[in-house]
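Next up: some structures, all given as structure tokens.
Note that subunit A is present in both complexes that follow, paired respectively with subunit B and with subunit C.
After this line comes the complex of A and B, so read on.
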């Protein structure tokens, strides 16, 4: 039998391809395991391919059905049900003795195991060992300890309280779940509401935690020794220079039940259609078990599912203990909509803009809105007919035109021109036209649970007739369109007035070190805009932001200013506006500087001698000559601003309650955080295109000539 | 109508001295023409008067009052730029009316004034065009018109006729003269054109290297040039300059045996205008080199000793290249051999 296997292996002399998205120590550990395996399989090779985490799942979805996939891939258990449905993975039928049951549970779909669990990740309670001798057993203890730790700038506890992932341990302790096995969601149930109230108490009312904690802020606070307890995962320790200790979550005193975080289980999947399944399974087992598991634990710092490893670090040991009570992350297709709704409720509760009961009710309503309606397939035939008629009409028009001898002569005379523009035209078709047409086609389909259903123009009619939401709701297309227009107009007004004003000042003869000023003022433009957006976001932080610190200096009265910029539309919008103005004025300034250079100096001198003062000269001489250069820039700038995703997404993230969202970021939410409603999002994209098309045509008209 | 007084005016751009102590007094209503080689500082001087350049040192008075610090619009001057400086986005009419609009003159009145000036400058059919739709000469006239409409105390013209064809230039010269008489305004006019300078000016200011070489009436300048520079700069063709050594009643020219019949002592420069000599049967001998015919007259280049001397002669000229001819002199000018100053 062994001989036969060996023979088989030799005969194929195979290479086993493994896709993964590990980096750093985890990647190093995996490489070592692969090397060790190769040394015992001299005729076979392992090819490890590290893919970026962001596009990993999509790549699996698309490559494997086309036969371009790997033999094995390593991914979390989140998509296992989907992949079973899509048929991209094989079941695991061999022995699994020695692997912890909690891992196996995560990969079980319909009583069948679909992957080999190798490691778990979950949140744990992290604390500063220099301040805390033994970790708390109950949340009352935790709160008492944290309270004792909180004093002048030092906090007892920091965690991302408004994030459903971080809220999950409390939710489970109160006996609630995000979504039942049968897909029932009750965000307004008593248990949920109690957990919201508890989170509010923990993160706000007790006064032991900083406000608006982001992951980045939590890390910084701990790094600076400004916080004692942190709720986070193994990744938190990666770049930390201070010692940190870990403990399993305490019991929630109110219920007497343990706080149970979500568990993410990484596993090895066997792709459908792998050429040598036995060999792939052999490698998979080597990675998951015994020596491979020990290596991953020791080198990669993973909390492995192999129960027989030894010498685990305290952190890994804690993670393994926590894994025993943790709850595998739900894999139901509706889960992202649950999270969006739950995040909405948590933000409102934390902000104090709704009671836990009301937030729960609203979250439930929002979930129901976000949940995909039953998709009604419509017949394609009228669409195909309409498309056919359109195509026929186009061809007919072409034929009629081609029958014009003048045009034919012209075409014959210029046929080489078409040849020369051919490559550029092909590139345009491949890079611009095709994606656009495909995107537009997507808008005619609904995507649900891995299935595409043809729904015709019903997305468009739903959106434009505002069927799903009242027109005044931030979720409605027209509300967002109005915000987007306000956003574009206010931005452009500020960009142009500041840009022109600065250019005019820079031109003044009394300015010293003109070059330096010019370079400095162009700088905001040269920095990648997401970096700028993140910096501004942190400047608007209620507690640590520079803006509130400055306000504290200029406002009378003692004590810090902790104004929440993102709690109401006006200031949240203003924060976005300030950020984008910072990003946008240099472009207008540069355009103006260039246009000013082109205005002969003696025109202004002539006006000066003619008796015109500075403002008169600006109005009657400089501005009219500047305008032709500025109008195209304004048109361009308004299109950019209209679609300025980064700033809105990163600075206000639509806060409060999605009201500062613009069309493009709203489309993104539909596509990626509301149950992947790609078709609906594509309809948004088509509508954005339509709005911009109409706008630029109208603007061209207004300008009176073609500028774009 | 105002006087303009430049008292020891200096203008420097950093190290570069452009105007080096200019003293000129322009009487009210006087027509002053400023001439000088390219780059000598003529435009700079006008810009100083207009207030477009700060004055480095010295004093500028307009209408008897110090004007160094006065803003351009408070100086009561109108300027025609060498580059016209028409507002490209305004019609000819609006260009010309701009100053009045700024001065808040009613629309009706300012268009009436524009129409008047346009008629004077033959611009009436062009009033609704943009500057970009005009020829160079037409633009120059619009620029003139823009200045005229303002009725300033002082006009500053920077080569206002340089782009016109000779016929139109002649016509405009007459118009300028007529306008000057009618408006009685003080005018400072920069030009390269001698004819323009001699025909228009009440007085001419000759500028070189930022310094005034001579101020005087056209006659003065022509008949009694203050130095070698003015002597050669005014009059066409230029005055012949010969280095000679005086011997009392006569003087000697290098390479010529015969003494010249000009009195003097020591080394000096002898200036002879081509029109102050004529060909004769006897006199100073020379050999004809080249003959330039100008229609009714000709310029005969004669080699006298080692020097080339240009002599004006009536056509038809009876001599040929290579002939030996004799020159007779009527008027002569004497200049100091080293300083170039006129010797009386």
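After this line comes the complex of A and C, so read on.
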């Protein structure tokens, strides 16, 4: 039977689809392996789909259960347990001879192999071979060397100190782990706290490292020859033009234990329901083994799990050595909550806003808040009954109203009018209202470990009674609501005042080149807002951002300005605000220009003849006519600003400590980080809608007419 | 009116200049990154590039598919087709609806207008997965048509709002005259009203176009075939958690923004009138 299937699969031309998120050299290597496979399988094709890294997991989660997935996909082992639970992958049952055991371990769940490991990745110590002859063996040596290297603008060491992944080597050397096999987490334990103190010393107190090092900043520093030691992984070297050497992590002098980074293993997963599994397995094996592995190593620079490759570069050899002591990345479902809590502690320690002990205690508390609670199933019957009564009531109301002969006559007389509005209404119902109602219905369920449990309104009561967080914590709904309201009000104030001021200026008859000014001033509106947000985020960087460089020019005194915009609420909020104001004022300017055109000139001239000055004319003639025209735009603008996800998510990302998050970005975090708590996120979304609905009704009443 | 003093004229122009420079500064920065060799983030605050190269643009434009096809051209084509269709479908759906809301008096009209605007308050985050399931049921997944429908409906509320406002300001006498001459409602609408509404049609068409042109979250989720990807998806791949190719990103950003900016400039004479004529009347 299998042979027959295999025959069928190979006889007809088949296509094997592979999803991956590789880029650069790794992508090139994979493409080459696929081409080689195609040349030995003349009837079959490989379709490689490079997906953006960010949306990869969500796509796997949604597409495969609906039968729209690929045949194979390449991803790290981190989600293997989750995908087993969700039933989106098939076990790997064929031969694995020749694959390193460390890779196989990572893909084993319940003594069953769930993917074919192809490459390992871990952090290593990278250094500039033109400055350092032999790498340090202990952290004391590392610090001494780095100190000797640090001098005006050149740094000894650069790494993303506040990122839990980069902190892990030190954590393990102090004897702590992120999460036990049985799910125990102690971020406030002694070992953990000591590792925080050590990281603080290394990244801040020694003065050998730059501030706010993001991944791309570290690459840039190295590329420009401005740093000697870097902690990073194989991806770091991919597009580097300067030579770089690698060494395994040194021993931590305080404990005498080796620093052990996390090991991530990339593997090929077989999606459930793939049409030709044998063929897919054949391709997977070709990628993982022998010639495929050699190509990935030589072209893609991967530390492959195939043990029989030859001629590995020194970097790949170092990666393989490091893999022997590295600790496989935990796959416990609570791990994302641990990351968030630990990142919170590290940021506070680096910033100096909490001692290591205090940061540890607070991180532990935060973890316990984020951790998935035990789900209590509730009976559906009262909800079904309530829903039924509601539906019956609505139908009843409709029937009563339709029995009114006047209304029926009116309906009959205007029935053709509905055809005009019908297409738009139907499209909206199908593609906007239905998804929202379905999404909202999810708020009655809790999602955990691949299963949905009916929990009724308990998400709402948890959120509204602030059961899990103190009401003043940035995690509480009311805190975030307050920030969101502040965000909306300040934004609108700035958009309207700047927009109106510019429009008033541009209206003056003696302005030269009016068309040019207007065209240039609406430019911010034309640029896609995610591009703007990413650019502004980088402009606010403490050490390398343009804003601080400009400040350094205008402020007296020598030396650079290194103001950390995202360290406190006020300036972090201001950074978001500046970005969104830049995006938002042109709309208000254009609306005002339009409204001003409609104000009759003679009215103003009459006022001027009567001796009214400029300001008096503005206040008593222009403003009363402008106000009603601006109101609808302001109200609509406020709704857009209230839900302005991109700017907050991309500029401040909620920094510091989630305090600048607005409701919509907080909902996003519950849904897509923090363990995919979709139900909780949906409850947030329903509440956002509720708040806006109440606001719009109130606004209509306040304005005295229906504008929203 | 009296001519203002030259001091005031100078001052006002100076303020305008400062504001304009502030508005253009980030744009110039992107331009600098795109024209500077290498992938690093521009460091010094001066937004004029020292050395100019077009290799970042060349890289973005010359990216190939795994089969050796011209990827950029393919994706540009997709983006154009999707965005233009979105503008067409969006306008087709919203003009008649807006006209009905402006001129007719039918039962539930007020509620209808309110309902259109209420959908603007739906938070998009929760709709992603249900939308995926819906399109799957309708067999519109991995289908450019599916994306067009989704984008077009997203743009309908704002279009209806703008167009209704504009129709409200058009004098009814012309329509009444046309109908006296025997034209049907539909003929009056298409032959008398629509030609008069050019500014509002241009503005709403442009916004529908932009909705589709700039979007990447839905596009990434709803489409899995590289030959159907749109430009913003590609742009997203240049900057991720591990690695940022700022030069390529900036060059791509400029290439993505250029058509929209060009449309903005081409249509901006309609903006002032099209966007607000309605609300002036109140």
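Here is the rule we go by: the second predicted complex is superposed on the first by the 597 of 708 C-alpha atoms of A that agree within 3 Å, B and C clash if a C-alpha of one lies under 4 Å from a C-alpha of the other, contacts with A are read in each partner's own complex, and residues count from 1 in each chain.
In this text, a residue touches a chain if its C-beta (ideal position, glycine included) is under 8 Å from a C-beta of that chain, and two chains touch if they have at least 3 such contacts.
What you are looking at is a predicted structure, and each value in this text was computed from that prediction instead of being measured.
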Touched partner set for A:51, first subunit B, second subunit C, both or neither | second
The answer to whether subunit B or subunit C touches more of subunit A is C
Using the superposition on chain A described above, determine whether A:698 touches subunit B (first), subunit C (second), both, or neither.
-> neither
Pick one for A:521: touches subunit B only (first), subunit C only (second), both, or neither.
-> second
Does the superposition put A:423 against subunit B (first), subunit C (second), both, or neither?
-> second
Which partner does A:671 reach: the first (subunit B), the second (subunit C), both, or neither?
-> second
In the superposed arrangement, which partner chain does A:611 touch: subunit B (first), subunit C (second), both, or neither?
-> first
Which positions of subunit A sit in both the subunit B and the subunit C interface?
-> 605, 608
Within the complex, subunit B is touched by subunit A residues 600, 602-603, 605-613, 616, 620-621, 624-625
Report the residues of subunit B in contact with subunit A in the complex, numbered from low to high.
-> 50-52, 71-73, 77-79, 81, 83, 85-89, 98-99, 102-103, 146, 150
Which of the residues in subunit C end up touching subunit A in this complex?
-> 1-4, 9, 12-13, 15-16, 19-20, 23-27, 29-30, 38-45, 66, 92-94, 96-97, 99-101, 104-107, 110, 112-134, 136, 141-142, 149-150, 152-154, 156-158, 160-161, 165, 213-214, 216-217, 220-221, 224-226, 232-233, 235-237, 239-246, 249, 253, 256-257, 260-261, 264-265, 268, 271-277, 279-280, 282
